[in-house]
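Take a look at the structures below.
Across the two complexes that follow, chain A remains constant while its partner is chain B and subsequently chain C.
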Partner chain A sequence: MNGNEPFLQRESVKSVLASLLSIVIGLAFGALVVLVVGLTSKDLGAGSAWEGIRLIFGGLFSTGRGPTGLLTWGFNGQSIGNMLFRAMPLIMTGLSVAMAYKTGLFNIGAPGQYLMGTLVSLSVALGIPSGSLPKALIWLLAFCGALLAGALWGAIPGMLKAFLNINEVIACIMTNWIAANFVTWMFSVSSFKNVVENTKSSYIYKTTYGLVDGAYVNGAGVATAKMGLDKVFPGSQVNGGILIAVLFAVGVYVMMEKTTFGYQLKACGSNRHAARYAGISDRRNIVLSMAIAGALSAGGAGLYCLSGNTEFFWSTYQSLPAIGFNGIPVALLAVCNPIGVIFTAIFMSMLSISGLQLTNLTAYNEYITDVIIAVIVYLAAFSLVIKMWLGRRKKAGRANANAAPPPKPQPAAADDKKGGGAQ
Partner chain B sequence: MDNSQDYVIEMLHITKEFPGIKANDDITLQLRRGEIHALLGENGAGKSTLMSVLFGLYQPEQGEIRKNGEKVTINDPNDATALGIGMVHQHFKLVEVFTVLDNIILGAETTGALGFLKKAEARKKVEALSEKYGLKVDLDAKVEDITVGMQQRVEILKMLYRDNEILIFDEPTAVLTPQEIDELMATMKEFAREGKSILFISHKLNEIMAVADRVSVLRKGRYIGTVNTADTNKQELSNMMVGRPVQLEVRKTPAQPKEEVLRVEHFCVPSHVHKRNAVNDVSFTVRAGEIVCIAGIDGNGQTELVYGLSGLDKSNGGSVTLCGEDVTHYSIHRRGANMSHIPEDRHKHGLVLDFTLEQNMVLQRFNEPQFQHGGFIDGGAVRAYAEKLIDQYDVRSGQGPITKARSMSGGNQQKAIIAREIDRDKPLIIAVQPTRGLDVGAIEYIHSQLVAERDKGKAILLVSLELDEVMSLSDRILVMYEGEIVGELDPKQTNVQELGLYMAGAKREGKEATA
Partner chain C sequence: MTFLIQQTLLYAVPLMIVALAGVFAERSGIINLALEGIMIFGAFVGVLFVRIMQGSAWVSGAKAANAYGTLQLFELLAMLVAALFGAIFSLLLSFASINLRADQTIGGTALNLMAPALALFFIRLIANQNTLYIDGDGPSWFMIKKAMFGYGRTDKMSWLGETFVNKMYLATYVCILLFVVLSIILYKTRFGLRLRSCGENPQAADSLGINVYRMRYTGTTISGALAGMGGFVYALTTANCTSNGDVAGFGFLALAVMIFGNWKPGNIAGASLLFGLFKCIAAAYSSIDINGDGVYLLKEIGINENVYRMLPYVITLLVLAFTSKSSRAPKAEGIPYDKGQR
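On to the complex of A and B.
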């Protein structure tokens, strides 16, 4: 019977429209900020404002400035590749939040789970001496270790919720900071620190460094295979991890929508009491749900860190990774649909690429794109309101259309509806 | 005679549409001053929608509302209050953590010069009202701690405190015990004597006949007619409401009990409220082919007994034997092998409201081989099964199997649960208040289904607060009082009065008679 409904009235179509509307308004607001800043600043003018606006909308396809100083446009493999690279961990954290949300849990613990994934993937990749195992196996161990660590870390708030009825949001916030301090401590006592002379700050070795005879040698370590993507998007950081992330998204979708396991998780999430009544173990499912969410976040960290060309600043006890928190807007914008998460994560990354182009090519700075993201997140939270508004407009439109011709007999299907609906 | 002078409120040709459904279609309702006017209709007939229009919660597409003959516009509940219209909603609108007094004055607070509350003044007024109408409440108790009956009295006092002249009661008796219902009826009559006008929404014919002066009947969103209760009878009203002759009495043959299915011995279940056991040393049996009814006033341990039997709560003594197997320490899932359970609270336990109807139909069965292959749900099989049940049990919904359970009417939600539980085909059916809040058409249907299952050889344990249901449906009656079974009665040899004495704890049998 779904097919009988007008296309625009379908719940899924309305959701997508609501998200698209948030995006358009967000971009328009960003353009407005650029314009206002441009017109009010001494150094900028209407011309630069126009350049800025074009970069906000099309920064992905900017190829720099031509010999005449005008912006040039075209296919920019580096930008697109980097966009996909940045989307890779975001897809994972977005999936984490979306999947938990579908089971009635708000996983604000993604940053902590992400950090635990970072800790384990880096420790395994750097800790196993090169040559002792095949590189692919080390990579796999590091990635699976990250998944496991995230699962365990996510299971903690899950257990607190299931057995002691402690709100998962509070438990997640606390485990986030425990993770931040724990990870800092672990790396501070580790031998993975790549201390660069004359700088006080220190990063962890990239995973391309491998332990050979007690010393780290660049090129001896592991890095995610490029899988030919470096040929398609030359000069970018993208690697096969993005394909793995997409596979995870499809996997989560299938798990949630097609399997009995997903059915149980959703039943517990929607109505814990009814699930229990039906003989489903509500506690087990809450713990599992948080564990899977944790594994996804940490998997994102694994993919990112194991890319080989990424750096990690180990003294993280004062700040939580933004990639974790950004999973929330990614999931919200995708209305918690795992497949939608792929696209919203890519979109968010596109914005940050546009921001970089803005910085590189104009006098604006990239934080303008943060404003855009903030507006979009804000509107994404309002998506329900926008959906209702869309529904009302469509209804009013239909009523007007019906008023013009003489009243048609109601279709027979209307009879089915009499038993239902509001009293 | 000028008619408009007669009516305190008139709702003329009201039409209100929701997507896919015309909830009110050209409905006219005229309320006289000082009368009790009942609004009768099945679930989904449009009663609540009409009242929400009057209370300003919905705006009608067509029609107008008049007060004392003058047209008025009601945009929100504040407008309604200003016009002297007050409403006791079916689901109370109280702040749980506030005291009774705070709830009554909320939204109508009188304040002093600096904006401080004048609580003492309010207290005096509420106490006076409470005394005048015999509405006993504890003004300093928190709403979450008081009984449902007292919560309703708080709602009534809220209306009186605001000097409302037009009182709307939306299904007020659904949550009350028989005694509380009698008290409420008396209070309503007292209000009418004083010249207040009352709109009484109900589908319980007994109550309407007892208390109302006139009845307006709605069916499927349409206005059917208005009659004087003096000139009509229950059968006529139910025919008007349902649109066909309805069987008001349960038709059944004498029971032919066979083998024992459920044996409960010295069963105890702890209470969540107090330190004593909610169910204390209860023993009884249910045999195949009989309906055993647990009667009692709400809150005497019936809910906890069922929780204990179904495994939702842990027991702390005694044993439960189901089909010859000791299931005392079994999980809910394992008990489900021989037991189906129509739960008391269909929204809390019975349904996952955000799931579709078809998903709800397989709530316990999704793991069975016919509905899944290797962990993947067989959508086609689930759809086919749901369609079969929908068809067989006449579950009505907007979009068939893919309707969200939340959007269905209460009666059809209950029908869906009954369909699911009966179709699981287990030797024992526990049915807890299976007809609560339902209209006569649905009640008739559910009663006949339960009798049919009994005749197929199922053991049925019925928990009911409705004396009529207890008397007409059961083959044996066990009366529960303060967590214990105080009497076993034969419905053919007892009457409502005797049952009432047992239920109130005024009479009890020796322990040995309860086994």
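On to the complex of A and C.
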């Protein structure tokens, strides 16, 4: 964009404004639901609704209730640390969706890739006997295993798309449910089910458990290094994984924006046929793009599982992980900018922390934050319209602004489906 | 055998009707990825309706007097309410994708996120737990029993009666009837032809005086109504009339059925029976005695239940892979219709 353009007319500024507007509308809708429920319910009242609304907006800084029963506010290291911890896998799944979207693919397969990452990272971390290898190496093997598994899993819809022209959305949905059943199957016949602690056999061991002489011992396994973050945010789950996730975001940004490879990927996304005409192998790039997206999702699972303080409920054949799906709002809200993903992921986890506070402190529950997220995604679906509206409102006397065709944020969406006669 | 047929029907019918819901949307040119979400919403509303109405004198009186006919009417009413709210919910998708020309995939995903969130938010407020139950259980209220036809406790109905009447639900048959009627409407009437033309070539349809926007609204609204109703029928017949913000991926399975059936009602009916059979086997493979000789064949083969659960999706992918050249997806699906671009 040239420098002469008015500030509010710039594409990037309009994107940020559109996202902020979506967030505000989403939060307002959540507040409205709470208000209506509070006012119409017999048990709740306007007072509780007001408390709920304040928690929706500022739950991160809630410190519970004071002796008089009023909500208290202030710095809450535990909440902030947990927010960063939750943001860690979300950054990865958000990157996965964003990166695929930039190359013209809608990666709704993130949940399945995430599950495959879970399967492999846990199996490697728990399968290698403690002591046979240094802990750091086991961690690294497990993480890289997750990346690889995700890449392979993501490549399946990629190949179906590239060679058989099957719509990647449908293929991804199918592979999601295949993964859910496959992971359940593998864990159900594995020896990783927690039989040491009572009533926990429906969960897989935390990775802090290690295999010592054929039995699992807590403390002998691996866990991501805390890197001092537990001192900054005492009592929270945060660990060094968040830094790794941020590094990945920067890496994806550099790859997409500063390398020839990234340029080729984006070219295929904008117009597959034109890219091929320019000598770019479109098939190879579609497969690679989905593989990288898959690796990123599964990497999120690796970081989450290898934290050492998370447990995986293995009988997952009926449900897909929310972290995978939430990569979609994270990416859309960030307009698929890898650096933006860091912030939107943190925002999403802030919402979920607010939701927890809402559950703990009031009669409302955390699902209202999912409603808010859904509203934001819904608005993201027509961010184009919002952007056009913003452009019209903030028009700075540029007569040709309206005459020019509206900018397309989803370059390949329509073209892609037109070509996909064989869905 | 009786058990196998009954269970397969119970699983297959919601799939069938929701897959038809997908057909109506896609034939009109809108990709309805939100089937799962609309099902969840319909199931929630239907169960909530039943729960609220149970307190009314009309329903509780009928239950006390064993007035089976009234209870069956009540069941149909609940289906209708679920359909109505499913249709209303789907308007969100229609509005975004028709009026605002939004990305239909993202819009559908938003609905899929919204439905469980809304359902669970209210279920927690109403029931203070994650599952919404009705007073008593579904079977005791709505299941068709041989006692209704004057049979005693020890009497046996004929084989046909035992299989297709006893311990079945009226909802199942209403859905089958609807499926047939709507399929005929889609393929044998002027309205159906117009609807389908909007999914193939909306520009041509518009030039012949068909209101593409209205047709697409009609298609997605019918789709929403069917999916909402299908969600409630699923909750009623396979989940004891409870709702927990989840239909176990049935909406996505219906999408698979639709593709597997190549967007044609006849094939869809067959595909849903096949997938229903897989679901049924996965759920009860260790206790199915196919020919009644005391040998549990499926258990002895020793295939993991998760393989049966996985099969529908794997088969769909394979079918897609092998038929991608001849697949007959509606040509204009997923493309927003812009009058200016004729």
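Things worth noting here:
Operating definition for what follows: the second predicted complex is superposed on the first by the 387 of 423 C-alpha atoms of A that agree within 3 Å, B and C clash if a C-alpha of one lies under 4 Å from a C-alpha of the other, contacts with A are read in each partner's own complex, and residues count from 1 in each chain.
The rule is short, and it goes like this: a contact is a pair of C-beta atoms (placed from the backbone, for glycine too) under 8 Å apart; a residue touches a chain by one contact, two chains touch by 3 or more.
All values reported here derive from a predicted model rather than from experimental measurement.
Look at A:S270: by the touch rule set out above, it reaches chain B but stays clear of chain C. Of the two partner chains placed by superposition, only chain C is touched by A:I173; chain B is not.
Within the superposed three-chain model, A:T259 lies in touch with chain B and out of touch with chain C [touch as defined at top].
Contacts of A:G74 after superposition: neither chain B nor chain C is touched. When both complexes are overlaid on chain A, the residue A:G279 reaches chain B alone and has no touch with chain C. Of the two partners chain B and chain C, more residues of chain A are touched by C. Using the contact criterion defined above for the overlaid structures, shared-chain residue A:V37 touches chain C, although it does not reach chain B. On chain A, the surface patch touched by chain B in one complex and by chain C in the other comprises residues 414, 417-418, 420-423.
On the chain C side of its complex with chain A, the touching residues are 33, 92, 96-97, 100-107, 109-114, 116-118, 120-121, 124-125, 246, 248-249, 252-253, 255-256, 259, 304, 306-307, 309-310, 313-314, 316-317, 320-321, 323-327, 329, 331, 333-336. Those residues of chain A that touch chain B in the complex are listed here as 1-2, 258-261, 263-264, 266-267, 270-271, 273-281, 391, 395, 414, 416-423. Considering their complex, residues 33, 37, 41, 106, 108, 160, 164-166, 169-171, 173-178, 180-182, 184-185, 188-189, 317-320, 325, 328-329, 332, 363-365, 367-368, 370-371, 373-375, 377-378, 380-382, 384-385, 410, 413-414, 417-418, 420-423 of chain A touch chain C. Residues 18-21, 23, 43-49, 220-221, 310, 312, 331-336, 341, 343, 348-355, 359, 363-364, 366-367, 372, 375-377, 379, 395-400, 402-403, 407-412 of chain B are the ones that touch chain A when the two sit in their complex.
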